[in-house]
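Listed next: structures, encoded as structure tokens.
Each of the next two complexes has subunit A plus one more chain, namely subunit B in the first and subunit C in the second.
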Partner chain A sequence: MHQRSRGSSSPPAPMSRRAAVALAVGGLAAGGAAYAFTATLTAAAPKTIYLQIGNGTFTGGNYTPIKGNGQPTGSPGNNATINKVSVSVAAASVGNGTAQAMTTDSTAANSFWDGFAFCNLPQQLYIGGFYRTTGTGTGSVSVIATVPTSLTNAAGDTLPFSQISWTSSGNQDSGAEPFPAGTFSSASLNVGSIGQNQWAESCWTFSYKNTVVPAAGTYTGRVLYTLTAP
Partner chain B sequence: MRPRYLFAFCIIWLATAAAHAKTTVIDDSGTLPYNAAVAMRWQQEQPRGAARNQLTGTLQLRVRLNVSAWLRRTGRIYMVLPAQQPGAMTAAWTTQGRLLPGQLVPGTRALVYSGPITTPFIEDVVQLTITVDGRRMLQTYPVNFRFEMDEE
Partner chain C sequence: MRTSSFIKSVLAAAAVAAPMLATAESNFQTGAGALTATAHVDFQITIPKFLFVRVGTGTGSISPAVGFGTLATVDQITWAPTAAQVGTGVLAGTGGDLTGGVETAIVVGNAGNVTFSSTTTGPLSDGAGDTISYSKITVAASTLSTGTVLAHPALADGATTTTTLTAVGKIVQQDAKWAYSYANNTTPPAGTYGGINANGSRVTYTASVP
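Take a look at the complex of A and B:
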């Protein structure tokens, strides 16, 4: 009977309970196979990374507030600005071992998450980003700093990059920082990591150790920060 | 004792039969699109908070249920999301009023219509939004839905 095949008929008298239940379950399964619309889920461009050292760009505002359609207000963009961190050491103080606080020309005090004033300018440099991927992922991705051996001046004199170090914090932050304190102590340096599907941010306060006496001049060097997702 | 056992057996057997007997899968083959692709995107572009792992996708369906077998009778229609991969997901939908809006998780069903069946087909435009834990999206997943009639 038609109804029986959908598990809706009255049970025949001689059938055992176990058999009847089996028939009912089997009937529903068969019906489900016959009529079932399907939505095939495909992850669309789900892998995303964003890294901001100093100035960054969000188009349309911060991420929050969330709009009525559930979408964020702003979207991350590209910013080609290369920010500087610098200090001028008075001649009388050069090499005296007293660390010199450095300042930045970055104007990024606020987190693009919500506009919160996270870093204090000009003392602190914003570093933050996120890593998006589906699946179990690799757990986290690291930000790698590629560091020259030395800073140089116009005359070709050098100053070890290891003279520069930083502390890490953030307004109203507590606990460990995702981008902790460190020193430019090697050519390739892991300066922190971002967990899968997480936003991570810190504010770095740089200082110059001032334990060497270089030739007079303006010394510059560029550190390249790279975030790579597998 | 044997007659008593037999009596109890009959009660249980009949109760089981009553619970399952009038549930019938509805012919929804007129639904368009019947096999739809849903692009799943991050619910939040930036990951923060409880929804940081969620992917979401939306699909508009023209649901067409063949209920001619129950014409001039009364019934309850449920939308069913059987337990299946990728597991942790939610299906929520809005309608244009013929069917009820609602939401589902795998292994459950939700009432979308209750009342007299007065036409051979019940049709509505359904905006279906599926949300899934992105960590479970290891591949493409076909997710099957069906409609069931509980005849009163």
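Take a look at the complex of A and C:
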């Protein structure tokens, strides 16, 4: 179980994430490794999965502090907002091989784990969630991206999705991210995993490779992310 | 429309079989059986319509791909045969960004076929009524980096010669090395014909898309 550099393991202490970071840093001084953000949940019924990419919903508070019965303070909810990641390439730069930073319209900067300002907007897109079971275990679940071959414009011209890649980070994170960097290199792509009874989150920064000269137009495409628990 | 002057470069929720399923951008599922939660992200890349033409010294190339810019430098190609050479046959020019009377030539566009032309205002003249026809100047195109070599629109006195560059998937990316030669098969009156944007010296290259 990777312990992130902020937050704490189950049951999490009712402290601010920044305070927890100070503790984690102290631990590092003793020889520990730093990891990106994952946190251990208390096993509790019912079995629950939660996936959030961009904007999400928690009502009544964040997941922490966890109650004595293992239940979160806030309740995870459904949010139908589909966020957009976009870039407009300058004419003089089209196809010059210099990656173009993409931005998001997401307003989700804070983690619903503890309200920490985790992602930087508009550069980063939040991805996170949890997998809680009724008992302990060492399993994990993966998030699978289903990717169209190309983005398309109104005239039917195409731009390969493989031109889009991303890096992964998070404020005060270090070490391996649960949802690591990648490229839309195939139609079905494992983009990260969540351990059993774990909260995991990262911030994705997308970029357009810009190694081709496409026909003029606005190209769009939608990626589906699926989290499945047995 | 972008214009280039001789010899000038110008920039011119998905349904998944599972006992519990929902589609949203945050999505939670509970239950004893298998669970599936989904989310989406929309991606958008906007590519502007652009057209780039370069003849000679300029900013931009296809390979290496360095992007495109505007540069107002106009190159000059010259011939200065010795007295003994006059009228004795073809002479390569001097000058040009590739030297030896050779110019880099590039057209890139992303909006379909490109109309590409050369225009002169008349024959080269010496200012005293004597002329050398542009028909005496030929341009040989050879490979620079692209498979399709950019052909040179023939030069004609006081006229425009137009060609069409056929797009592949709405993209035109053609370049070439243009080597300018003077036929040198006549004996004109002594003098300096043309100049720098004088006496019919300048050729304007124009690329356009609808």
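Quick note on the criterion: the second predicted complex is superposed on the first by the 170 of 230 C-alpha atoms of A that agree within 3 Å, B and C clash if a C-alpha of one lies under 4 Å from a C-alpha of the other, contacts with A are read in each partner's own complex, and residues count from 1 in each chain.
Simple rule for what comes next: a contact is a pair of C-beta atoms (placed from the backbone, for glycine too) under 8 Å apart; a residue touches a chain by one contact, two chains touch by 3 or more.
Source: prediction; values computed, not measured.
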Look at A:S93 in the shared chain and tell me whether it touches subunit B only, subunit C only, both, or neither; answer first, second, both or neither.
second
For A:Y219, is the partner it touches subunit B (first), subunit C (second), both, or none of the two (neither)?
second
Figure out whether A:G135 sits in contact with subunit B (first) or subunit C (second), or with both, or with neither.
first
Quick check for you: in the superposed arrangement, does A:N171 touch first (subunit B), second (subunit C), both or neither?
neither
Does subunit B (first) or subunit C (second) touch A:A39, or do both, or does neither?
first
Tell me the contact category for A:N197 with respect to subunit B and subunit C: first, second, both or neither.
first
Which partner does A:N120 contact after superposing on A: first (subunit B), second (subunit C), both, neither?
neither
Mind working out whether A:T107 is in touch with subunit B, subunit C, both or neither, as first, second, both or neither?
neither
Where does A:P76 make contact in the superposed view: on subunit B (first), on subunit C (second), on both, or on neither?
both
Subunit A residues in contact: does subunit B have more, or subunit C?
C
Subunit B and subunit C contact sites that coincide on subunit A, given as residue numbers
46, 48, 50, 76
Which residues of subunit C touch subunit A in the complex?
11, 13-14, 16, 18, 22, 24-32, 34-50, 64-69, 108, 110-111, 169-171, 173
Which residues of subunit A touch subunit C in the complex?
46-57, 76-98, 102, 125, 129, 146, 151, 157, 159, 161, 163-164, 206, 208, 211, 213-230
Can you list the subunit B residues touching subunit A in their complex?
9, 12-13, 16-17, 20-29, 31, 34-48, 52-53, 55, 57, 59, 61, 80, 82, 86, 128, 130, 132, 134-138, 140-147, 151
Which residues of subunit A touch subunit B in the complex?
3, 6-11, 17, 20-21, 24, 28, 31-32, 34-46, 48, 50, 63, 70-72, 75-76, 112-113, 130-137, 196-199
